[in-house]
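Here's the structure, in structure tokens; my notes come after.
Read from first to last, the chains carry the letters A, B, C and D; within each, the first residue is number 1.
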Amino acid sequence: MEIGYYPGCALHGSSNDYETSVRACLAALGVGLREIDDWICCGATAAHSINHKLSIALPARNLALAARDGFGELLAPCPMCSMELLKAEQSLRADPELRKDIAQIVELGLDRKTAVLNLIQVFQKIGLDQIKDAVKRPLDHITAACYYGCLLTRPPETLRFDDCERPSTMEAVLAELGAKTVAWNYKTECCGAGLTMANEATVLELSHKILMNAASHGANCVVVACPMCHVNLDMKQRDIERRYSVRHGITIYYLSDLVGMALGLSDAALGIDRHFVYRG
Amino acid sequence: MSLQLAEDRRDLIPPGLNLAGCYQCGKCTAGCPVASRMDRTPNQVVRLLQLGRMEKAISSGAFWECVSCQTCTTRCPKSVDCAGAMDFLRQLSVERAASAPSAHRTVLFQKTFLRNIRRNGRLDELELVRTFKTATFLKDLDIPFLFKDASLAPRMMRRGKLKLRAEQARDRGVLDRIFERCLEAKL
Amino acid sequence: MSEAFEPKIVAYVCNWCTYLGADLAGTNRLEYPPNVRVLRLPCTGRIDFNLIVKAFEAGADAVLVSGCHPADCHYTSGNYHARRRWIVFRRLLETLGFEMERIHFTWISAAEGKKWQQVVTEITEKTRRLGPYTAYRDLCEAHQ
Amino acid sequence: MARIGVFTCWCGENIARTVDVDQVSAAIAKLPGVRASVNYKYMCSDPGQALVREKIAAEQLDAVVVASCSPHMHLRTFRKTAEAAGVNAYRVEMANIREQCSWVHHDRAAATAKAVDLVRIAVAKVRWDEALEPIRVPVTRKALVIGGGVAGIQAALDIADAGYQVALVEREPSIGGKMAGLSETFPTLDCSQCILTPRMVDVGQHPRIRLHSYSEVESVSGFVGNFTVTIRQKARYVDTAKCTGCGECWNSCPIKKIPSEFDYRLGFRPAIYIPFPQAVPARPVIDKENCTRLKKGKGCGFCEKKCQAGAIRFDDQDKLVTEEVGAIVVATGFKLYSIGKQQENESRSGYGEYGYGEYKDVIDGLQFERLVSASGPTGGRIARPSDGREPKNVVFISCVGSRDNAKGVPYCSKICCMYTAKHAMLYKHKVHDGQAHVFYMDVRAGGKNYEEFVRRAIEQDGARYYRGRVSRIYEENGKLIVRGADTLAGEPVTIEADLVVLAAAITPAAGVRDLARKLNVGYDEYGFLLESHPKLRPVETASAGVFICGACQGPKDIPESVAQASAAASKALIMLSRDEMTREPEVARIDEKNCAACFACVRTCPYHAIERGEVLTPRGVFVKHTARVNPGLCMGCGTCVSICPSKSADLAGFSEQQIYAELEALV
């Protein structure tokens, strides 16, 4: 199977360990990724903070490129990107006038539809049974807190994925890998997202609470499917510890890390050794 | 505050936000992860918008504290797009160059971010850090902030997470044109 | 078109909403042209294809059918049946060559005296512009 | 040839100012059949009516046209006048030359011309008016009450006390409804059971009330004054005639841990049970889902062995019984909106963020009633369901599902503000060192002594009221973390609670839509039954002879439900107090010879007033099928006339012939 792929800036930048992980894990499951040619940034928080039209045009350009490349389905492993793409798609479908206008702005046709998938949806597409059958090393040492954050499920009218108040799709994947998961309370609370640099205090506070809650419910790691969540919980973990004078030392995995591990891939192959919190 | 209605700019508000529906239950505030950091709570911000009091609304720093987590919009019993209202205010305050002083760093960051992708098509993180820090420093001369996170760079570099030369989109002409067509004012 | 032409307009109205709306226009002294002749029926559900054709046959230059708003029908669903039938009539009347701009459907509630005044005024003016419906007689002959 | 009299009214200046009444009279006098055409200053006054009567007698008139105001104003008046002088009341027409002529036109000539036209139309119509007699329908002097909550009990007792028979149908094993499970009632704090159970006993012992408990309405046929109702008596597995209600059976039942419906799953009951000790009738039922003997067909049988009266009937079956009644009162009440994730209605999504159904200590208002009730599962001790500990911080949340377009219903459930204040108060009365916290949006306390009651909860009992909704509840270390807002202070509020009580929205009882369809009663999008006029006919419905009361019509508290029940009872009594009823005769009829028996009318009639019938020869030989109107049910809308492809249907008073005559009069 081959599907279209929109990496987004983070996966080609400081979260390239996520891309390594996604590619390796999906390759092991027989899924190839074909990157959209000459994709551009989705605009992220900056675009919708500054200009509404731009916040539709940038993702729309990428949707148009995907259609041009003939992708019916598109994996966007970053939930920010996938939410922006879905939101643009939703606005364009709802308003033909807007569609015409934006098509002119982005200089490409917008009539073909592309289904945008997150990483979990790709695993569901492969089939959880399939994944279970491929498991070589069951993860019985893992007790994970599955952390969904915001944009995997919110706003529900746009995302139409899982139950936004009590999501459980990541747990379902982990169950097939032989990992344990904990019931905890910060699954869908925000980590501070892209404000890491601009408003560090907020990010540290929110991320600290998430790590505290995961640990207090007995998790030995946190699983994410978002590059920003990973930055805030992993890269900034030392800053969190300094700010709140605590020692967390909790590993933050991407969901694909755990699937890859169970399939028998090495830490290096998955880029796990490039995490900030890493005990080899 | 005088009670005259001189300032009523409800006409500026996109109807899709459905702000007229708000009955001030405060569920947005209740679920907001950063409400306690805001000078006005989300429901108060929506209230000012309902009255069309844009000046007062954009003078608040609240919407720059907003982390766009969408919890307010998701749980609103009246389907008011509260997170969308925050976006709207950010856009308006940038357009009018009237953001609250407390928010200048966040505003600067978002602007720098956009300029960055306008130039490169994809985010050049190193350039973002460099330009953002410089611009902030020139504005507030905050030396600790300038060097904050400096220690992160070598650690990121060691992990291959920071590229000195970031990749760029090929067709950058179209990017410039997209920005040109969307933005009315200069960034 | 002569200046002296005064159109004849037949209004089929339901007893419970529009008739009372027209009464209210009177109570509020809302003036409108005297060209309309109201025929009171229990409900717009009673109005069929024949009644519309017969009105033209009797020399009407325009026909107005007005009843309760959707979901407000005194008889629960009569206006709904009228509306459904109207979709079919419309086609039929069009095929037969009727001038559709002479047939008007509207909803006027017992509280809408003002709307009655507006609707009747508009229809009268419009029909005045259209002139007498002489084409109808030709139509009758053509179909005979 | 008809002998028509036309009476044109000046209405003082009201008509005569713009319409030349003499000219109208003169023009009309020339029409064929018009024997008298006169005008007078005030036709509705005594001398005016005398003039009408005089002319009828002098000219031997048999039809009357009054040209004056709207028929909605005076048609009835002139029908009576004419009838008194020997003219059939239905051969009276009015030409509305005031509201629809003199008041809306200023040009005297044009107004006069129009008035002449209008009168001519009325004359054309009256010529074809048939002499009609009011329809007389016999009345079965017995009422059916559906629902045995406080509203149904009140309606049944009122009707029975007035001397008429009542059949009362209750779906549950006992009457009493929601009120039987309440602790104390606002704003007086009198004990709910203490005031209700005597009324329940009255019902059980009333010589004129036949109680069908554990029964449901299966079907309804007939029409106003003459309904036939089939009732399904569900298999009870206990012979109620033999049973003495001694209790040996339920005490001996080995299956004891079935969550009690009456205690909203906070307590337990055996497989053979009465819902609560004061149940009426005090006769148990066997829950066949949980009874060992009924599940396996053998074994156990402890109850049977213990029963001295020999009342256990394991082979019992559902029975259908019929009741003939003249009037029906519906009092099916409410149920709570389901707060959890699972929703019956797709447009609602439930409150996943509140964890109801997941956390044992998040309960709804009716469950809290059982926790405070002296007869409840804890004997009135307030204990949290998870560990039985006494909660020291209780959070009450109002408007859960109410006023919530996104997840629940947009309307206000009306009673929650009051019972939440009551809950806060009762809690404080029982847990003196406890703190009640209430999240509210508005306090709606419009009622006698209601506002004072709420203030007492706040000022005397120290309930802490926060104006705001709650966004999320989660459990952490045995506490419920409640994240709400205080919009008055302008800040988020977090409370660590031991117990959370959700005031869930009021929605119509399950199955009410089915029942409404059987009764041909309308309902709104939520399933609340529709009254025929929101102000002037609040307990009547579109279906003649069917009345509604209590929360089936909309959220209501006890006093309102009781008042409305008495109103519905009095409406039913008005019907029952007569041997027969009269109805307007302007109804549809079918030309049976001409009817093609396509039954399009049967399908279209909004009142189900047309049935399939057979045309027989006088000797009873079948000739053909035909549609047939039941004049007892027909409301005279005329939809059947316009739908009939063979033109066999017509409407008295508005016949096809009459409308054509009116049109011809236009030219």
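Everything below uses one rule, namely that a contact is a pair of C-beta atoms (placed from the backbone, for glycine too) under 8 Å apart; a residue touches a chain by one contact, two chains touch by 3 or more.
Being a predicted model, the structure only gives us computed values, none of them experimental.
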| item | value |
| --- | --- |
| Two chains joined by the most C-beta pairs in contact, as defined above | A-B |
| Of all other chains, the one whose Cα centre sits farthest from chain C | A |
| Chain centre separation (chain A, chain B; CA means) in Å | 22 |
| Chain A and chain D, separation of their C-alpha mean positions in angstrom | 53 |
| Averaged-CA centre spacing for the pair chain D and chain C, given as whole angstrom | 36 |
| Inter-centroid spacing, chain C versus chain A (mean Cα positions, whole Å) | 62 |
| Residues of chain C touching at least two other chains | none |
| Multi-partner residues of chain B (at least 2 other chains) | 71 |
| Chain D: positions in contact with at least two other chains | 353 |
| Interchain contacts, given as pairs of chains that touch | A-B, A-D, B-D, C-D |
| Sites on chain B touched by chain D in the complex | 21, 23-32, 35-36, 40-41, 43-44, 71, 75-79 |
| Touch list for chain A against partner chain D, complex | 163-166, 185, 213 |
| Touching residues on chain A, where the partner in the complex is chain B | 9-10, 12-17, 38-41, 43-55, 57-58, 61, 104-107, 149-151, 154-156, 164, 188-190, 192-193, 195, 197-200, 202, 206, 235, 274-276 |
| Parts of chain D lying in touch with chain B, wherever the complex brings them together | 353, 399, 403-408, 441, 467-472, 483-487, 490-493 |
| Contact set on chain C toward chain D in their complex | 8, 10, 19-20, 22-23, 25-27, 29-32, 34, 37-43, 45-48, 50-51, 54-55, 57-60, 74-78, 81-82, 85, 117 |
